[in-house]
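The chains carry the letters A, B, C, D, E and F, assigned in the order they are written, with residues numbered from 1 in each.
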């Protein structure tokens, strides 16, 4: 069993101590990216994971890979090339001040990746699951092309494929809309994660939000995911999450999983005193993959994934460094109030 | 349009990471003062602002001015002189442990300012609004004298004048009480901000706190501010705020504005997970001035000012670095729960 | 009046900024131990306190003692010896992620202390109260022996003796169970603090948790502490606390004190936005001793101790650095919402 | 008198504590650029200075300008635009490990500046001296075009013009060589600073390094600068510096100034225990301009400029924050060995 | 044996990482003062030392005392009072940039000490040696008066008295010159440390610097110290040091001791790569006192004191934390090049 | 080609900013050990390297392995077990104050490793070179036994074996002397690094230091290494280094390599302004192995190794992070004085 994640890894620059961008005299440095985050989380769960990307052959490129290999991710499938490593500035919010992400990733190694630069036969050798996200397709036409190649090769090799649609309004600037690019790519997927914006913009599938006394939220979402699922017949699982944000420091989180027949909804997880919410969706995705490769039942899969996403909010950086036993403990109702000694 | 703020700027020394004064091995350094805070906030709102003070001609004095000019405040009206820069220690509280401010400002450049040291004709050139606070009058007789000179000159030039009474029990040590000094100064003001302690001690005007089923809080405060307003006929606006402190990390905040006829009350803003509450009142004042120079309607003025004060609680240091769009977003009900990307 | 505390002091290594152990590139350093924490807190309350331990004659051993002498604790009774200073890693939790303590204290100066290394006659000279805890007896047979010697000597000199049972499942590894060691030692005590686990495992006394409409929680706990009290006839006071943990950042705390006749329960103290909860029980113990040596009435003793423990949650490190006036202010209902200036 | 500097300002990201890029978990943040450095240094010398650039209208763009306005530079001539702020990584060297600069500035506001975006008539109003450098011309054809416009406008207004050739091998990537671009621009200059590489690559003027017993180093350099000077008849002063690098922490520095007739050489300044050498040449340039606008004699100009460059090595960041009296003190032979108190 | 040191302790605020005052966003905090430094150094040498001062009864005052009690100094003789704790800013120099000290100590507890506030009989109980410095006499007339009281009391009790003249040009602002105050105080001293400026300004004794082939430096200094010694007949030892400053990071240091008959000169200690030179003279004084109370021979006393002063340059803060064995190791020629493991 | 390094990895705790152990409030964290350092350096040179050790199955154990896998070392041969991770405190010296290492490694996973815990057949699969050091044999009898097993297995598999004798006086506490243990182990080695103390204490081979006009240092060392080489006939290369320590911040370094016939001496490398000298010998060893596996000529091998060791002094932490091109650049005479940009 080996999960290969494909995407872009960037430097994340965060002012320390909740300083604003205009105030800070230093940045905390992390290396992160949606798919790398999934790979790291899987490795903490004890699932062999690997990562393929294209980074420049510089100290920064090598350090980006080292930053995930130190958490047990195999980075040997990655290739070197390009002029710069993408980066993003994160101004961490608190209370009534929301967080801000400022991307500076144009011209990165991944944005300039071209067909043939990654040898997919080699990269996919021994791989049982491939995970990618809509961010890669949003970078450039050539990155979308490379994604398509990957999906075709994986498909041919019988590898399970998951995708997080990950819609980012500030990307998709190369002249194509997601609706022009994504449907063809999603055709190859077995597992799909998205949200209302993505389903709408990418596939023109609209939510049916009618919640009535006789029809609860889960039923409503089931109807919605059913439409998505019918559009892409290969899909075994369709999934989405619902986050409510009372403030930058206090959210709730809930997961939904549809297996083509039934909808499974997790408990609502209350998330007070948030430390770092970036990467919550990636942690959910990793939790989902974990549950699926362990063949857990769907209800437990979605509880585990949601609890994993919850714990992510208490880890600095994009990576969820929670272990299986920590996640299971939260699933069992341990709300964090005890000191373990 | 140019707002000139007049007051003292000090070094603020804060133990990092919520350490207590007796523990810390370093101090975070800010340069702050009630009126400088107003000037900085106005500059973030895009309103041209300037600052006049007297600081020693040392690295520290120059750095104090640089600390606000970097945020766009014009400090050229300020003068150099005196032996030391005032300072204050701030032990930041959290939860059940309240914050503590220890002043060490005796003998500062502003405390020893003398008539004639500031050329008010020059300083007020092009100025449309002058803001000062009761702190300056509390420092020394000569500082109060200089304040009076400023008010007379501004008045003669038809400049709008605002004042925050800013009562500090630990100042006013030079032999005069506020009641002996402040009324004469407030006579010149168009806009006055105060609280119950100040109105009582400075002007012997007491609150009428009776809130009955037939008379709500706003009506009660209207009656109170009406008394103040009648005492100083030049006043166009009288304002005060109400803060409730559930803990050092959780407050609520509400603003009231009286225009001589009606009372306008803001929503109650819930302020959880406070990062740094110092300067909240100054942020309110800046919000108020912003709304007034923009000729907004009174209800919107007080909502904007209260939302501005709320956001200040999430910025490290005394300055409110929120922009107009951030404040308006909170006024519109965005509670901070979304990541902007 | 002099309170002598006896126990082990360790280096505490904590990743800064809520980082996890696997992420951190630095540790914040504290020197702490249950009984040292009690001594420091008492010194902040103005009660003369002293500390006796055995630390290696190295920079680290000397620094450990200096770390409490700077807070006014007399460390001259301590002796030097042994190969290493014990240490513990603390991964600070937040929200849904609980805190973790990893001990690395085997082979420390205190674990290898032997009879005769501490001259108890000398150490106890002028002492009116001796405080110890079950941790010392958990380290090694010889540390338990030395404890027994201390208790005999103190007893002979008419010194009041208090004990915090402080059960730690990861200690007690030298072949004896607490049930074999602790009862003999507790025989000498006048004041005993414990919790359900300790009373059960050490003395086989089980809680009677039945809370019925006609029998409130305090009555239930009174019945429980009565059993403990009857088992050890010398006990004047038996005490325990109840902590509820909604999350790692939000607890409540309540204290109970039984004087052989009546049960005294404190208010429930709400503890939101926790900064550092380690040492809460030690802060309670110090508050208790303070109240007792001041001959306060039992209700006030338990309120003071609980409020002291509450404030501890807002001080970085194990020590409660709150003063008597700060604790009394919380007892009076000041919830931290005001800035003192 | 007002000196206007024109160029690009970037974020500088430096690993703290001499960490290597592959090790660091944070970056120290500075905002710097060759011409901005000159402007800041001039402001410390009490010379009115202003800065014109193009930065994106983001928090980072505004912060870049604030970073120099806090040191007294007037940034109002600058304009907003473009997608990103350029940046550079600086791995600070020490001893036998040399420093490394990694540029990431493609696509910045300055690289994408176009003719007409800066209103030169407005920007040059009141300006008596314009300073620019070869870096701007190296960014893009359009940046070179804008530079030419600036030079023409300034020339027409009778403004003195200085240029630092500032050759950077990693720039000049837009398809033109410096030899194709720079000569036309340098035609407009009154003062020119360069080094052997630049004179050779830009103008095909080679050094004549023959130092013989009968012909010392200064004479040799005089011959060299004479050739440059003859090539560009408008030049009043040509200048260069000689740095010897024993290690990353120990250099010597020497300045040469040619006025068309005589060569003036400074003392050799020994620079041990270097703290931050970046910006040394800019500090020299600022010292030179200072001396020239003060009409100092050429020998003193070059001594002052070299001493200024020397002091820069002891200031963190690119800016020389030395004052005139500090520089003069070094010129007088005060080698830093005394504590001023 | 107990050495009592009398003087003022201040907060020392130092920008970290060699930042200049105008740049820093934080200060490192130390608590220091010439005489406190001597006390701490003596405690590290194993000599019982105590400290008497007057500090305000605030967190800062108590922390100042805790800062030296943690190093083993007995602070119980100190008294509380006054409005503020004095402070000084230290901009640490490096290479060609010299260090700067900016005092802000007017109005401190020690500056406002009055006769009778310190009970000298109590403070001097058990004391065998009293150390003071000219700084205290420079603060205010009343501080000089209190010093005189101390000297009279100590003298009457047969206590050995040492003084470091410690001339600071920026003090002595209360209307008296050192020449009016110091001679009377020095009459009581057994050991006197000074430098050329102090001997000249305080006592009008000028150096005789003539070093000729037939008369070496030590002989020249002997003649000089002989004059001082003759002026104050009680003096047993007169001492001075010679520092040569090649840069802020590289000095040499040499000590001279005159016993009324012979002059003893130490080796010249080369001090490269200086970390923190503040407190060097205090470390010398402590080394001297150590040697004298141990009855070492004069040559060894001066070697030890000079080596101690040398090691101080490698300790952050004012205190010399070197141990006797570390100092002796340097006296024996161990230049620091070995790792001890 | 794969180099396997076998030894113990520890946490290294270093006070930041040159603070002494008694001063620090935090520790910088590194994970290091002599053989791990060699593995990391080899990976930076592009040589595939792996590491085998035994660490506890805790966050700390896993983090220790992650700390080297992030630099490209394959840690899969390592095993988990034992109660604690060894650690060492490093007080970094400067100038006249030497560095101090305090070990706290008793009872670590490696010290308690037992025969059979490491499956050497599996660990050595694909390995072409095994590197170990005398430190492992110094930990415990069982660690020495495991070492012997490794050597026997490697020997049987025809793997090249290198050893650094690494004598540490503070280890070897389990009842055996190095002379009893090491000779048998060294019999298996092809490459041996040692110093005078080790050769003397381990093998009773004494240096013949006579350097005369007719016999230079290299000849003298050749005679010495010849004796070692003759004692262990399997040795192909014997090597040692000579370090001269002018101060903690300034050393020189020189390497010698004996191939059984000739002695090859490197240039003397001057090492001023040292940043972190720990791991210098390990960097030398890695340089040596690099040169040997690349089949470089002996003179170049020793130059490369010495230059590598020199560069190590400018990297924070034990690891040499220099690349081949950086080392070669120093070999070519680039002394660090240039900025690469």
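Assume a contact is a pair of C-beta atoms (placed from the backbone, for glycine too) under 8 Å apart; a residue touches a chain by one contact, two chains touch by 3 or more.
What you see is a predicted model; the values in this text were computed from it and never measured.
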item: Chain centre separation in whole Å, for subunit C relative to subunit A (CA means); value: 45
item: Distance between chain centroids, defined by C-alpha means - subunit A, subunit E (Å); value: 63
item: Sequence positions of subunit D contacting 2 or more other chains; value: 16-17, 20, 22, 25, 66, 71, 102, 273
item: Topology of the chain contact graph, where touching chains are joined (line, ring, star, complete, other); value: other
item: Each pair of chains that touches, named by its two labels; value: A-B, A-C, A-D, A-F, B-C, B-D, B-E, C-E, C-F, D-E, D-F, E-F
item: Interface residues, subunit B side, partner subunit D - complex; value: 66-67, 69-72
item: Complex contacts: residues of subunit C adjacent to subunit A; value: 17-20, 22-23, 93-103, 168-170, 243-251, 273, 277-278
item: In the complex, subunit E residues that touch subunit B; value: 13, 16, 20-22, 24-29, 58-60, 62-63, 66, 83-84, 89, 91, 102, 104, 106-107
item: Touch list for subunit E against partner subunit F, complex; value: 16-17, 71, 269, 271-275, 310-311, 313-317, 321-322, 326, 330, 334-341
